[in-house]
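The two complexes that follow have subunit A in common; it is paired with subunit B in the first and with subunit C in the second.
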Partner chain A sequence: MLDTVREIETPEGVALRLRAAGAFGRAQAWLLDFVVRMAVFFTALGIFGALGRGGMGLASMLLFALMWAYNVVCEVWFHGQTLGKRALGLRVVSADGTPITLLPSITRNLLRVVDGLPGIYGVGLICSMIDPSGRRVGDIVAGTLVVHANDLPAGSKVPIVPAQPLPLPLDQDEQAAVIEFAERSPLLTVQRQEELADILYPLTGSEGTAAVKQLTAYANGLLGRP
Partner chain B sequence: MQLERIGVALRPRTSQEAMDLGMAMLRAHARPVWMAWFVFTLPIFLACQGAAWLLGMPWLGLLLPWWLRPLFDRIPLYVLSRAVFEQTPTWRATLRAQWKWPWKRTLAALSYLRVDTNRSLRLPMEVLEGVDSKQRRARWRVLSRPLVGVASGLTWTCIAFELAIALSLCIFAIWMVPNETLPDSMRDVKQALTIPAFKHALVWIASGVTYVSMSIVEPLYVATGFALYLNRRTQLEAWDIDLAFRRLRQRLVEAGVAMVLLVCVMGAPSIAHAADKHADDKQVPPQNIAEVFHQPVNDKDALFASKAADVYRDPRFGQEHKVLRWVLKHPADQEPGKPPSWFAGLAGFGNLGAGLLNLIFWGLLATVVVALIVFAVRHLRGSMPSMERFEKPKVLRSSVVHDIPLPEDLPTAVRELWREGHRREALALLYRGSVVRAATALRIQPPIDATEADWLQHARTLDDPARRERLIRIVRTWQLAAYADRYPGDADIDVLLSGWPAQQVAP
Partner chain C sequence: MKQEQFVASYAKEWDTLQSWLAQLDRAPQAAMRAERMLDFPHAYRRVCHHLSLAQARGYSREVTDRLQQIVQMGHRQLYRPPAPRWHKVAVFLLADFPRLVRQQWRCMLVAALLLYLPAIVTYIVVLWKPTLAHSLFTARQLADFDKMYDPANNHIGRSSGTDLQMFGFYIMNNVSIAFRTFASGLAFGVGAIYVLAANGVILGGVAGHLEAIGYGGPFWRFVVGHSGFELTAIVIAGGAGLQFGLSLLAPGRLRREIALRDAAWTGARLAMGAFAMLIAAAFIEAYWSSIAALPDVVKFSSGAGIWVLVLWWLIRGGAGSRYAA
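Up next is the complex of A and B:
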């Protein structure tokens, strides 16, 4: 099955699903960061410009900090998110899903020198297109990963109807599918709802609107409602 | 469409994730996509260049391939839309299918919709669904409502990607070409631009580079748009739920419970409810199986048996497995467990080898044990003499330093000691006696802390060369004995003992 998820199993047997982010979101986040940094730099340049040659020195130092320290500081102390990544819902984590630490962050940002070749991120772009987890060279060397951090689009609350227990035990995935149906059915057209509910005729023993109601009742039962 | 055959994990995704899925799809089917892509686009690209050359308008070679992109887009879309349902077409099939695929919308995309930032999303809807114009407009509204911003963002990002790749290629090429190899006319760009041939060459190079970067990014653009389309339809039509329900239905039908259930559905809920209420009343979780059933349990109990059967029906516990296995058609031909005769010989050989190996390993173990014992014994024995050797000099020193009065007849005492084997003591006595007599001869108080070196110095002040020589020799002999454990022969001792200082000779 084709997916962008990187699955990691912890020693406790918990499967963590890291939704790896590819080149599109990352490029947009980088562009946003770039714009923000340039805005800060040129504003500061306007202020420092009044200070003459000393001001130019300060401006160069600021530029250096924005180029090299901004990413590291944001990643290590602001939950792996620069401003651009925050806006795009991305986050830098270690390859095993733990929060990124100082050294990997420094490594991945120093290697922007390589990824940036030849000055417009050509190497990084091609690398993240080829890598299955969308990593650039810096990520591969530092053992980090950029993931989607924002929540998945969820359906509405399951409509409250009197609960009914399932007539026979179902697998966890199957129970999840029933609940998912009840959550998302308000987003579907009525015809589609009935079409879907009809598939489960062997379970509900009814068709059409009745089947939809029946499944919603099962979902209420699964959610532990009275 | 057969949803069961879809090769993409369907789940609710954000549109950002859907775009990444497009990249993953392209990565998985890279070979067929690009194969068909190059077979289709390369001749068209070359034809455009040829036309531009014939017409003498090089810029046409840059413009035409760009304009024809909606035409090129059909190829990756066709391959991917089949490949996600695991029917990857060959490039021949892809090209042949282009005749049958609807052209109307492609023509629209090539003309009045050419500059449309939603092309990637519009393409799969128009080409794959093929509905008439009125329905299409309504469909487009539904489909694109939350995605218009994302789709234009995608277009702009892809333009940026193409620019980045094209520029990277050019910059790398410039870096790789050494400046010295350039002809003089090209050293100075300003001057070179005045040459028309150079300007034309630049346009040719640009169209070549754009073709390469387009070949990388355009299939990605189409794949991403297709993934956005798939994700939107998954949202609108709940494809993932559809798939899960179909799988569940399949399982139920296979288990043959459908008919039984119909009966249960009518009667069961009230019973189940009662059971649930019962469970709710009791807050303390049951401690053992007898508590669960509120009575002692044995295998023949009907309630227990039915509950156990229920548990086994749960797919997490009891499941029927179908196991395929090869079985001999004519098992009588060869009695099982009795190998053929040649095999017995082989087995005997194998047993022999095993026995040999066994022997070798036991032998190795024995050798190691013996070696350890020998080592231990040698080590213990080796450490004892070394301790003795350490103590011996102590004893010696005490005997040497011990302040005994000098004997009257020094040579006799020395010889006696020498003959008895106490060579060291003998030489010590000789040395002590000699230096005392030398001090008397020199009329000095014998210094208590005088070293051998001091006595050598004193010896050099003696007037008589023969005496001087002998005293020096005695001191040297003693030094060699005391510090290097080297002893003179018997004859040498006789020489040392003759005359002064060993013999009392009148000065």
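Up next is the complex of A and C:
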């Protein structure tokens, strides 16, 4: 399937689903972090400025901490989330889905030097657009991954209609297809909805708008709604 | 078993685990004290088993998604890495870091040559033809150097600024350079080679120029104290960058991705050691090297002492059986 879900098998033999975050969301998180850090720095600069020349030394150290340490501290001690990532619902994890540790976090943040190279994150942007999991160079080298932290319960966007039980049992993929159809059909034109729903004539026993309604009702049944 | 029966028999178990996991996110201390904690691995594996069953039996997404969510939450806690310990920082600095430097001695040697050879050559050339300093530095930079190392200046090595200001500046500047040296090694080591050689040329150029105009005394008195930590840290950061780039060129028997990851983790640890060394260097540079009033014998003997200490630490640190892995 053409999406960014990475399935990782756990030692218990079940699959974890990690939804990798794309370049756009990550850029937004970075921008938010940037604004926050600038705000902190300039507020502190006002305070340190009152301390004279020695205050400039403290300001340099603060700038150093914001530049190099901020990301590592946030990722290791605050569940893989900087403030920007928290706001955007992103999280940094190890490639195997476990929480990120100190060394990979240091590595991925030191490599911002490479990712940020021509101007503002040129290498990082291109790399995360090419990589199927949206990783930048630092992520690939450090063995980390940025994922969406809040898993939307699947099917939460299915329109609510009275549920109907399926006339015959469907397997997992078929169920998923029915739910995803019900979820996405409001985004399609009526003609396309009907065209797709007609394929399932053997299941619904109806055609056109009736078939679309029937499938939405089945999807509600699959999601356990009344 | 019908889906309804399945949910009815186990739903309570799932809810208990899920609420405990949610509590662990909100209030870890209280959750760890709860008696249920002892059951966690067992309860988690049961839910994994239930998920597999639900998938195999084709139960609806309602059930599998719910179980999937609990499994994700549980996995994050069960396979959580141990919390970082402060004790490890001391062990790293005293034993692991020197060992790591020795393990990468080939890259370190090359990095040292890349820094010191250009430095010595530039130093000799500039001493021999002092006008060449003008092709290395602008007139303004030269004027700054002259002011910083003027024998009449009672704060050597700076034209203005207090100790604390310079301490902050040295940390920001020097550590950023060290980190960039390591990271830019990714480009087949070219970045690291460039930083090392360029710093060597600048170092030799400044030294040669000041020696030639007769300000050599204050210059050597200034650098002798912190150079032990600072130059060695730059060499180590450069060596870390070289082995990083080398892993991409010659990954050996590993796949490139794996070789690169190993080298990056090694390099990151070396960079952290260099970071600690540069903090020490910045402290010495700001608070000790700049004192002009001390007699030569104190300056040079303390500087030599620091060099011996640094080299002894890197050569012998962690060598005893006490730290054997």
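Operating definition for what follows: the second predicted complex is superposed on the first by the 150 of 226 C-alpha atoms of A that agree within 3 Å, B and C clash if a C-alpha of one lies under 4 Å from a C-alpha of the other, contacts with A are read in each partner's own complex, and residues count from 1 in each chain.
Throughout what follows, a residue touches a chain if its C-beta (ideal position, glycine included) is under 8 Å from a C-beta of that chain, and two chains touch if they have at least 3 such contacts.
Computed from a predicted structure; not experimentally measured.
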First, second, both or neither for A:R53, with subunit B first and subunit C second: second
Partner chain in contact with A:G122 - subunit B first, subunit C second, else both or neither: first
Contacts of A:T98 with subunit B and subunit C, given as first, second, both or neither: second
Partner chain(s) touched by A:P169 [first = subunit B, second = subunit C, both, neither]: both
Touching partner for A:L203 - first (subunit B), second (subunit C), both, neither: first
Partner chain in contact with A:E7 - subunit B first, subunit C second, else both or neither: neither
On subunit A, the residue positions that both subunit B and subunit C contact, one per complex: 153-154, 169-172, 176
In the complex with subunit B, residue positions of subunit A that touch it: 1-5, 19-25, 27-28, 31, 88-89, 117-123, 125-126, 129-130, 132, 134, 148, 150, 152-154, 164-165, 167-174, 176-177, 180-181, 184-185, 187-188, 192, 196, 199-205
Subunit A contact footprint on subunit C (complex, rising order): 44-45, 48-49, 51-52, 55, 58, 60-65, 68-69, 71-72, 75-76, 79-81, 84, 161-169, 171-172, 175-176, 179-180, 182-184, 186-187, 257, 260-261, 264-265, 267-269, 271-272
Parts of subunit B lying in touch with subunit A, wherever the complex brings them together: 7-9, 11-14, 16-17, 19-21, 23-25, 27-28, 84, 153-154, 157, 160-161, 164-165, 167-169, 171-172, 175, 216, 220, 224, 235-238, 240-242, 244-249, 252-253, 257-258, 261-262, 264-265, 268-269, 272-273, 276, 310, 313-316
For the subunit A and subunit C complex, residues of the former touching the latter: 10, 12-14, 16-17, 52-54, 56-61, 63-64, 67-68, 76, 97-99, 101-104, 106-107, 110-114, 137, 140-143, 151, 153-155, 169-172, 175-176, 179, 221-224
